[in-house]
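Chain nomenclature is as follows: A, B, C and D, assigned in order of appearance, with residue numbering initiated at 1 for each chain independently.
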Amino acid sequence: MGAGQISYDVAHLIGATVLMAGLQLLYQRRLFAVINTFAFQALALAAAAGWQAHVQNAPHLYVTAGIALVFKAMIVPFALHWLIEKLGIHRSVETAMSIGWTMMAGVALVALSILLVLPVTANAAALTRESLALAMSVVLIGLLMMITRRNAVTQVVGFMALENGLILAAVSAKGMPLVVEISVAFSVLVAMTLFGIFFFRIRERFDTLDINDVETYRGDRQ
Amino acid sequence: MIDRLTGLPGLENPLLWILAVPLGAAGFLAVLRDWRVASWVNVAASALTFIASLVLLRVRPAPTKLFFIDDFNVYLVVLTAFVGLTTSVFSAAYIARESEGNRLSDLHLRFYHAMYQAFLFTMLLALSANNTGVMWVAVEAATLTTVLMVSLYRTREAIEAAWKYFILCSVGIGLALFGTILVYLAAQPVMGDGADSMAWTEMMRRAAEFQPDLLNLAFVFVLVGYGTKVGLAPLHAWLPDAHAEGPTPISAVLSGLLLNVALYALLRFKMLLSANGQTLSPGPLLVVMGLSSLFLSAFMLYRRGDIKRLFAYSSIEHMGLITFAFGMGGPLANFAGLLHMTMHSLTKSAIFFAVGIISQNEGTKRIADIRGLTMSHPVLGWGFVLAVLAIAGLPPMGVFMSEFLVLGSTFSRQPLLALPLAIALLLAFGALISRLQMMAFGEPPPRSAVQSHAGRASSILALTPLWLHMALVLMAGLYLPAPLVAWFHTVARMLG
Amino acid sequence: MLIAASLSALVLLSLLAVVAGGREITHRLVHAGCAAASLGLLIGGLTHLGTGPGGSPSIVLPLGLPWMAAHFRLDNLSALFMVVVDLAAVAASVYGIGYCRHLPEVRRVTPFFPLFLFGMNAVLLADDAFMFLVAWEFMSLASWLMVLADHKSAENRHAGMVYLVMAAFGTFCLLTSFGLMAGAGGAYTFTAMRQAELAAVPAFLVVLTAVLGAGSKAGLVPLHVWLPLAHPAAPSHVSALMSGVMTKVALYGLIRILFDLHGEVPWEWGAALMVIGGVSAVLGVLYALFQDDLKRLLAYSTVENVGVAVIGLGLGIAFKDAGEPALAALALVGGLYHIVNHSIFKTLLFFAAGAVISATGERRLSGLGGLLNRMPWTGTAALVGAGAISALPPLNGFVSEWLILQALFKGPGLPHWAMKFGVPVVGAMLALAGALAATCFVRAYGIVFLGRPRSLAAARADLHPTPASMRWTMAVLALLCILLGAIPVTVTDALSAVVQPMTGLHFAVSADLGWPWLSPVSSTRGSYSGTMLVMVGAVLFAVAVVLAHGLGTRGVRRADAWDCGHREDIPETQYTGQSFSQPLRRVFGTSIFLARETVEMPEPGERSPARLSVRMIDPVWVWLYDPISRAINFIADRVNRMQFLTVRGYLLMMFSTLVFMLLVVAWRQQP
Amino acid sequence: MTEFLIQLAQIFLVVALAPLVTGWVRLVKARLQGRVGASALQPYRDLYRLLQQEAVVAHSASWLFRVAPYVTFSAVWLAAVLIPTFTTDLILAPAADLIALVALLGVARFWTALAGLDVGTAFGGLGASREMMIASLAEPAMLMVTFSLSLVSGSTAPSQIIAFVLSGSVGIEVSMGLALAALVIVAVAENGRIPIDNPSTHLELTMVHEAMVLEYSGRHLALMEAAGMVRLTLFLALIGGLFAPWGIAQAGAGWGEWRWGWEHSLPKALPWPRPWRCSRPGSPRCGCSAMPISWAARCCWGCWRRSSSTCRRRCDGSRADLL
């Protein structure tokens, strides 16, 4: 069981890193810092996927790790950098809730996840157990970030952080078929292209990326 | 890789045709230039799909690893193919009228037709998938295709609606994935690694051994996730705007089909829970969400000035009612919920057909500008009246039967829950009727009398699906075919 | 068989009207067909009533709810109501043959008219809750469409709106009632419901919702608001059916639930029904007294008459619960008799109103007058109707009020103190309502048919002769009013047979003295004989004529009216409806309707006329419906804000939902 | 056969004697007011004179106007025929109980009011409106009297009530007293007497009953007047019969008893004027309290005066839209 213990510790460590990066996302005040943190989170995710591939002896997880590494940790951050430069978006993050409160909410969400997941997975593999709690925290924190940030770019980052959490959960689930990874990659891909289209279109029409301005119409005013 | 692909059906299997035809048609339509031909190819492909789906009524293919047909999804597949067909007919008429006004470029139209078939494909895929993962992918893909179609007009409102739709549904679908993973985790210790632990057929067999607490947790995520797609309040926000701003045929399939598909996914998970038997009851959560949807939409209906949003909110109302019914559970309420799904999808798409023609005729979507439809366009107007009366729950249409069962069974079991239900239904009823009277009766505005010959031809084409749907709904209100009843009963039992 | 054929004929007629709706002959054909079909149904009902107690076996059709199918059955109660419905239906159809020619929007009436008849008959035949409610709503739906026939007036659309929403309210209430009786297993057949054992609270709810549901359709205060709006809006032969017959179908529903399906209703409900009935009777007739619109007046008077019938039903419940089946039967016979009567004279009066309207195009009392000279048939028939509805002997309206009063006078014998004190109060209400009804119809008849015409249209009414089909229907109905008053015993015997299963006692209202004498309870208790009154009255009338002519002059001289020497030709100097009801408005209106009068007197020397304006409010709208609509608007405004949130806001809602549910799960999962 | 004869006698006696009763009342009233008064037979002469006069009908009147006097008269007559005056043993009595009697009087009123509206004059409407308003309060009162009588005696048939009172099982009943008081008030209202109405007023604006029949003349007016006289007789007989039936003949009685009953029935209802001398002769208000039935009316005079004067004021309010 020695090897099991080590694999558990490492997985736990990497998972915790993903979560820490998620929490870090919450308190970044500058746009580029947010993107960089996100890249770091994706990197950690790639590491987690790689480690799971190794531990579970599931080679297809390396693919997932690769996608995370190349796509999320490199292409997406670069694209976002480029987008911000090109569109001349305001560089600071506009928050809807103070950073302190956001952090506290984030911590509360982590606590909730642990409270929920740990008791119910008593008979699941230990490896899965911890990762699942971590993944759930990441998902919730990603959602929290989408709520507390006004800027469209930060919202997108929040959304992708949420997806990171999902992938973390997926890779930690032992023996989950490949279908899932394909779907995840696929959705991320499509999501990105869509986002790109949207950004351009929003740019064309409203000259801003602040969602509050986009939504002046909001349907059916009388 | 190969062994997973063996899950695909063979040539003799109708499922293959049901899935392959729309997929192939989507590809073909993407390269087809002439939109007039394209709209008929669209109809032909939908007709083929529908015919293939009819075969399912006779032959039930054995479940494979990826696909299966049982009592639950068989009628949904047929229904989806049918509404897909009628909507494609309506769409042909609609697009012909629309292109007269040059609102859409050829490229847009090509894109539209391709996406229409792709959308049908994803829905049929989601319905027939035997794998939670595949189902999830299909629902996600359905979202993406419809997002693109909602933003087709490229107006400010359309883009805003699409954006809202996209963000909310992506988050929702993400949460649903998390729920899916949790279910896998619950299944995996019992059934081992691999695709078996995600197959409905296998999971249902051994659900009783699953870890109930994990299933509880999973269901919360699935409920919020797929519930967003169903449009349950307070997760509904995307629905009215997406319905209102896209082309009307898309509103019809969104309301009539996509919501059903999302609900279907949700119900599959609920079946798992009830097969397990030791979980917390999902009923209260469903009941609360159903009621909140009902009340929210009932009040919202009173303030709607846009005809398509009005009926979009009415869809939320009905989804709330269906969710409520399944939340109550029991053979009667479940039966009613299933029936209501069918009736709502037929009726609501019929309403959107009518709404499409109306807004094209009158050149407006504002309710306040629409008057005297039964006078200016009798066939359309009365069809519209009939459809709205049906959706408002008046007999002898089918919706009445399901509302009767839901309310009746709830009153006998939980009178205190039935009271708010009845109040909400009454509120919504009042709002719908007052809007209906405003639009259908009174002195019609002086314009809108002239209609081109082509316009009349296309409106006959557009009216056929409307009346066809209403005939079916009327028939169902009086007489339900025995096989359908048998399916409903089986599913109602499975739903617990 | 006859019934089934007639019912299917009605559906086919409706289809015919849709297919060939354009031509006038179609409309007349459809109405004629409806007359034939309703005649078939009427005969079906009558033959069943003649065959004695006990219902026909249930007919099961594979319709409706799949596992239950549709059950239909005819028993004495439904046969009686079928007679009531179809008698009026035959009349309305025949009347419609002539009347539909004058209807501007006849194309929006003919297709729905047969369906309306179909719906009402189907309610009576239904033997399971599902079919009952389908038919019930169907009946509302068809009549709603006819209310909207003249859809261009905003007033009618408002009427339709209120009507349909109230109808839906009623249906939901009845659904509750049936749902509770059916139990969780969904035993929706009436046979199963009869055997259902209910606990105290559900039993209470069953009755409450039945009263609310049927009451809203029957027009009991305060659920009557749709009635004066919707009944006048429809074409007159439809109004006649809605007012005269559809309200009766609602009472049928009430009787079916309270006396048959549920069966054991405690006396408190009887008391409650009596109070509701009494209040409806008094308020209904007061409303009617102050109306200027002829058809609305008639609709309000329906509220009154339904109230009277409900007093009878409530009393029946109270007596039944107190173990007095004979008195219960008496009260019920009275209530049912009133139902039969009202369906006849209210139909007649609506027909007369329709004839007046199609001849003059005027519905306001203030624009009519002097029509008895110009429309003698209509005027004479309406006189009989007005007399009957004012409960004047020897017409039919009196007999039913007499029976109910007889039963009421026995009320203080009930064991409960509340009833001992309450019954006289209800009796006073009933008496007051009766007296006010007479006032109301003296006013209505006098202003419309007597005096001098108040408008040019009224003066020229003789230029538009009433078609024969309309005249004859009115004449036949008027004869029925007299007949049912003159031979009450025949009717009460038939009604006793209907009441027998409800009270479990065969009870002959005329047991003691024999055929022409109506002597409930015993001969010493008080008796009445319409037959004798008619005969003796006719003799005395003849004697009076002979005496007056024999002792005095013969022939008359026509001259100008004397009018105490005031001699004015302007018809405006006549009393109007407003001024006629002014004394009563001062007595009742100021407190109940908060009536306020303002007089604008011109300055001396000015030549403008003085104006008296009256403002009245409807307390039910002000205290009940307006607050509800305000509340709905208030909440709708608040809720509507949710349509205009940002995406972030919506995500927040989603997030909160998720977290909330997770917390619930966390909480519930704690061991 | 004798029953039949008795009934026949009742039918014609009530009509034949009604003018006498009215004349008597007028005489008493005159005496109480300190006048000599016309003979008690004067109403006969009046009626005869009217019958001989030409009947004039307005151009705008319909057939209803001409039929109304006959209907009114025969309805009141029919009611009077069924009331036990000197015997309870009438074969027609079971045809109508008190409720039906009230309704029969309602028939008469209904027709009179309609006739008032028929010519289309202001005064006719005024009379009809006031009459119906008063009736809509008086009729329920009458029915409530019936109610309380039936409570005490167990019957609504006058003959049965009389039988019950005669049987002696009725003690001093408060409800009987109240019923009597109420019935008296109703009688005052129904017969158009002061303070509700004044049968001898000449100011049209203050009329109620008279205003309705203003347009009548000749035999029509005679019938209307006669109907009023029969009604007065009917009420007196009713009050006397129900509350002081001693002496009335019952079923199976012989001729002697009938005669005795008959001899007693008149004085009972029509007290000799002399014993009651008004304390304030000449006062018109007092005149009304000197009505033959005043001994009962006095009991509730105070409260009634208040309500009736309000009522009166309200009636007169109709002038506002009249002038």
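One rule holds in what follows: a residue touches a chain if its C-beta (ideal position, glycine included) is under 8 Å from a C-beta of that chain, and two chains touch if they have at least 3 such contacts.
By chain, with names taken from UniProt: A = Putative hydrogenase-4 component E; B = Hydrogenase 4 subunit F; C = Hydrogenase 4 subunit B; D = Formate hydrogenlyase subunit 4.
As the structure is a prediction and not an experimental result, all values here were calculated from the model.
Using CA-based centroids throughout, the chain positioned farthest away from chain D is A.
The geometric centre of chain B (Hydrogenase 4 subunit F) is 79 Å away from that of chain D, both derived from CA atoms. Look at where the CA atoms of chain A average out and do the same for chain B (Hydrogenase 4 subunit F): the two points lie 31 Å apart. Computed from the mean C-alpha positions, the centre of chain B (Hydrogenase 4 subunit F) lies at a distance of 44 Å from the centre of chain C (Hydrogenase 4 subunit B). Mean C-alpha position of chain C (Hydrogenase 4 subunit B) lies 36 Å from that of chain D.
Contacts with at least two other chains are made by residues 643, 645, 647, 651, 654, 658, 662, 665, 669 of chain C (Hydrogenase 4 subunit B). Under the contact definition stated at the top, the residues of chain A that touch 2 or more other chains are 116, 119-120, 143, 146, 155, 215, 218-220.
Touching pairs of chains, sorted by label, consist of A-B, A-C, B-C, C-D.
Residues 1, 4, 131, 133-134, 136-137, 140, 144, 147, 151, 154, 156-157, 159-164, 166-167, 170-171, 173-175, 177-178, 181-182, 184-185, 188-189, 192-195, 197-198, 211, 213-214, 216-217, 240-241, 244-245, 303-306, 309 of chain B (Hydrogenase 4 subunit F) touch chain A in their complex.
Looking at the complex, you find that chain A touches chain C (Hydrogenase 4 subunit B) at residues 96, 109, 112, 115-116, 119-120, 140, 143-144, 146-147, 150, 155, 211-212, 215, 218-221.
Put simply, chain B (Hydrogenase 4 subunit F) touches chain C (Hydrogenase 4 subunit B) in their complex at residues 163-164, 167-168, 171-172, 175, 213, 216-217, 220-221, 223-224, 228, 234-235, 237-238, 240, 280, 285, 296, 299-300, 302-303, 330-332, 372, 374, 389, 392-396, 400-401, 404-405, 407-413, 415, 418, 422, 425-427, 429-430, 433-434, 437-438, 441-443, 477-480, 482, 485.
Chain contact summary for the complex, chain A toward chain B (Hydrogenase 4 subunit F): residues 116-117, 119-121, 123-124, 128, 132, 135-136, 139, 143, 146, 155, 159, 162-163, 165-166, 169-170, 173-180, 182-184, 186-187, 190-191, 194, 198, 201-202, 205, 214-215, 217-220, 222. Residues 369-370, 372-373, 376, 379, 383, 387, 390-393, 398, 402, 405-406, 408-409, 412, 424, 427-428, 431-432, 434-436, 438-439, 442-443, 445-447, 449-452, 513, 517, 519, 523-529, 532-533, 536-537, 540-541, 543-545, 548-549, 551-553, 555-564, 566, 571, 573-576, 578-584, 586-587, 597, 599, 612 of chain C (Hydrogenase 4 subunit B) are the ones that touch chain D when the two sit in their complex.
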